[in-house]
Amino acid sequence: MTDSRAKALGGLLARQGILVAFVLFMVGFALWNPRFIGIDNVFGVIRSSAILGVMALGVTFVVIGGNLDLSVGSMMSFSAIVVLDLHENPAFGPALAIPAMFAMTMALGALIGFLVGYLKLNSLIVTLGMLSAIHGLTLAYSGGQNMDIANQQATWFGVFGRGTVAGVPIPVLMFGGLALILAVILAKTPFGRKVYAVGGNGTAATFSGIPRARVVFMTYLISSFCVATAGLIQASRTMGAQNTVGQGMELEVLAAVILGGASLLGGSGTVFKTVIGVLILGFIQNGLLLAGLQFYAQFVVTWVIIILAVWLDIAAKRGRLWSPIA
Amino acid sequence: MTKPTLSGLIKNGAIWGFIVLELIFFSVAGHFWSMSESAFMDFGNMLLLLKQSAPIGIIAVGMTVIMINGNIDLSVGATYALSAVVMLDSMSWPIFAGLGDWVIPVAWLLALLTGVTLGLINGLIVWKTGVDAFIVTLGAMLGYRGLVFMYNGEQPTYHLNWTMVDIAEANVLGLETPSLVLIAVVVIVWLLMTRTVHGRNAYAIGDNREAAVNAGIRVGPHMLLNFALIGFLSALSAVAFYSASGSVNPNDGTLFELWAITAVVLGGTKLTGGSGSIIGTFGGVIAIQLLRKGLGYIGADTETVNLVIGTILIAVLFLDKQLNRKGQEELKV
Amino acid sequence: MTDQTPALRLENIVKTFPGVRALGGVSFEVFPGEVHALMGENGAGKSTLMKVLGGIYQPEEGRIFVEEVQTVMTSPLQAKAKGVMFIHQELSLAEELSVAENVYLGELPRKSFGRVDWARLYAQTDEILDRLKVSFNARTRVGDLSIANQQMVEIARALTVEAKAVIFDEPTASLTDAEKVVLFDVISDLRADGVGIVYISHRMEEIFKITDRISVLRDGEYRGTLVTAETDEDEITQMMIGRSLDLSRNAAPVEVGEVALRVEGLSCGDLFQDVSFELRQGEVVGFYGLVGAGRTEIAETLFGLRTPSSGRIFLKDEELKISSPIEAIGHGISLVPESRKEQGLILGMNCRDNITLPQVDDMTAGPFVADGAEVAIFDQYRDRLQIKTPSWRTSVGSLSGGNQQKIVIGKWLAMRPDVLIVDEPTRGIDVGSKSEIHNLLRDLAAQGYAVMVISSEMPEVLHVSDRIIAMYHGRIMRKFGVGEVTEDSLVQAISGIGGDGQAA
């Protein structure tokens, strides 16, 4: 193979490698077991990926904007606990509980956005601190108790997690719908353009008159909106929640976003790619289960895939497989 | 090793000042609110505190080295759990049946070997692929945890050996084994980082990688060694803790990476590498544990600890930023 | 001297980059005990030559000899092993470490078990520091030193080996006069020890003070070597600039319009003080001075990126407070910044999106970005500035420097500004694009724009400017009206000599 062809192939793999891998993986498994791409199985996978997926959509904005969000897991626990608690509160009920929970969760997002955007504090540490602080807040709010809906028959609250429309599970619709809206915002609006600019080169964006702080602030607000949605789905599906329900998800979410091809340096990635990243994680888990491997093998496979994906991406960019580190 | 300066003194001293403040606050506040009869600064209480700091503390020392070197390791919690599983499980392997209590050092060795291997894997990947350590160890965190679960499903792994428990709970001058291990690790790694060529080169690499490379320092082997070290320390932490408890849940060690990083940052290590101290991290670990105990002591919900620690972490970051501002003339970007 | 063996000799070095011949056969040599100046305008190839010497670039042709032994340089480390040391303009020190650790970076003396032999390290370092007569010792943390002292640490590093040749790259750029004296003492000590010294600098006074010979580069070509004692500034300038300068354009009548921008007594801390000037429609005003003279900082202040400590800014007689680039843009001020890659462009973004970035909010159809309108703007400026790119989808990171710079200029022209500030318009771009950009700047003035050009290249500033403002140490040293400027007076003004009273 000539050098330029290798480069072209490398370029294609770098741009669409993850999609190619996904398609190959799906085709391979479908040939082996047609049930794998049966409609029930597909909906099942997407539904179980929806919570992680919705969170990953928001984190995609944060990461493209050049920051990290490690607080989404504990924030999701917070929103699930809050919405369940307010649901049980006679003064609220489901109709008021949901908007109240969104407001409270997004207030947390706004706080992070203020700290990272306007005060320019390091996002890794801020969201690490918020991970801990929000976890404490959740425990304090719930008094350390898990939350349950006492009379599950008497409420329509379960519709977000358990309902279907024309055979399609509602969590799938919410994930799909939100993905579509956010994809359009990111790809087609001036705001989306600014997110890429700020993440790609914050200094140059400032020199171009882009309000960097406000854009970063908005990415965290979007992230917290997505977290609130995920918390709603979670709470509704189980009609109850442990106050650690989202624990550890922050890193899985990040893994999905990176797998989709967003760079941690910011400025690259798309909503579509993140959806692919989420689906890959979901279908790997499902495929390995169908293949008779144990549930936890998926984590090992995910590890290998994440590193391979990022490695091949940067190898294509630098034009050599192995790093030049001495 | 350099001449102390005022700003350096303030920075290095800050964490100890904070610890003193905590001690005073909880002693005084405890006077009014505590339900306990004994004083907060009771000697036994302090010894217990040291012991409770050990699992995170030992790992945080390794994390300091990694962060000074300019990397990060998110897989320490999973490494900790997997090493513990290997240790406890290996004690009942048939091939070791004839060893009697000599199985104990063998099991320890296997656990430490596991930790070093996992660390080496991370280090090799970071070195050879050039993928950012954040991503490599994020993946490893999932992968290693997957291995833990694959080992024994969601069941705990346990093996109780009373001799081992005796060793683990041995007491020298009032210090129990985990405390001794923590102190030894702090001293040895402090010496490593301040006195050896490897330690000084690790600082140089984190501080100015290009300068280090131009001066002929080989970045890769140093990083590899440091990842092996943090793997070893994660395993050592598991050895110190699980020798006594004898039972490990597959979820043990979750979030340890975040606690360790919190302690390291509180201890004054820069996120960008090149600066930080083992002693500072030790202070950070003690400060967190003190806060945890102190809040419990004055009857605050233990849950409040998370809230307070998170807030303090952000406040420290904010203060650091304010102290390092260059004033009005600064370019506004 | 010719009977000696040269410490370092370069023979016919050629280095090309895609589209640019950076070095076209450069030869020169330095003898032991000689201080040999290497001069040339920015972009003449000095830094490329240094990178070839340091093994960072491999030349396509030519040979390097150290004491007449042919050597292939593969890395700075290897160059050091051969006895060729560099004192870089940009410091490469680990700030958190001690002076001694920096001096012996990568080769700390060892004891058993990999321990550092601190006693030996400090003793050796202090010995070197004594030779340099510095006020700090081996244990001082490098981050606590002034820039000048940090430079001394770099020099100390060069003294750890038996250096055969030491290359100083603009060593005085950030030094005070007192610090310069110390540096020159060090250089004469080195010379007395028989080290060959290559001294890169723009500053004539220094060149005449300490060098024995001067080699000149222009546009990557070797132009010749002069004996310092037998030449003068004019001859060197002629060689550096090449042609006898075309100053006729300056004498031509300029049709200037109203005052577009007026600045009164503007100061910003230590960066610049008491700066006053006017910028009229239809003229190009050049700001000339050495690096660090405060020119870029003035531009950044006018663009809302710095807060002035005092002074007033008027745009068309209306006083303004500009506290952010957004406000500056709103008032019709545009800035093409100094650093194209760090400040000017989002390298991963495509050409079109970079050009329309400042006005993306206005280019909408409903809530969405109007693709068609964006492409139309891109096409317009691609044609007008003759930007060579395969398509608007190409990411700007893959374009040549000249085309990248045109994208930045296009971005700001598309905002239709009243005042266009251009900082280092042609830094690091090829000769062809250079003259295109010069012509463009002239055209813009002719169309009535008020243009402020900041440049460190004398030919550029002379060529494009109607009037020139010379700065020195944060102050305006002298203002040259149309046709008033001479090279001598300009060189003197930026060196702090012969101002017209504004400077203290």
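Letters A, B and C mark the chains as written, and numbering starts fresh at 1 in each.
The rule we apply is simple: a contact is a pair of C-beta atoms (placed from the backbone, for glycine too) under 8 Å apart; a residue touches a chain by one contact, two chains touch by 3 or more.
This is a predicted model, so every value here is computed, not measured.
Most remote chain with respect to chain B, judged by CA-atom centres, is C.
When the interfaces A-C and A-B are ranked by how many C-beta pairs touch across them, A-B comes first.
Chain geometry summary: the mean Cα position of chain A and that of chain C are 45 Å apart. Chain A and chain B have Cα centroids separated by 29 Å. Looking at chain A, residues 203, 206-207 sit in touch with two or more other chains. Each of residues 332-333 in chain B touches at least two other chains.
Within chain C, residues 305, 324 each touch two or more of the remaining chains. On chain A, the positions that touch chain B within their shared complex are 70, 115, 119-122, 124-126, 128-137, 139-140, 143-144, 202-203, 206-207, 212, 247-248, 251-252, 254-255, 258, 264, 294-300, 302-304, 306-307, 310-311, 314-315, 318, 322-326. In the complex of the two chains, the chain B residues touching chain C come out as 1-3, 5, 8, 195-198, 200-201, 203-204, 207-208, 210-212, 214-217, 274-275, 327-333.
Interface residues of chain B, counted against chain A in their complex, comprise 74, 125, 127-132, 134-136, 138-147, 149-150, 153, 213, 218-220, 223, 254-255, 258, 261-262, 265, 271, 301, 303-314, 317-318, 321, 332-333. Contact residues on chain C toward chain B in their complex (touch as defined above): 75-77, 80, 92-98, 101, 105-108, 110, 113-116, 118, 139-141, 144, 268-271, 300, 304-307, 309, 324.
Note for the complex: chain C touches chain A at residues 303, 305, 324-326, 328-329, 335, 337, 342-349, 353, 357-358, 360-361, 363-364, 367-369, 411.
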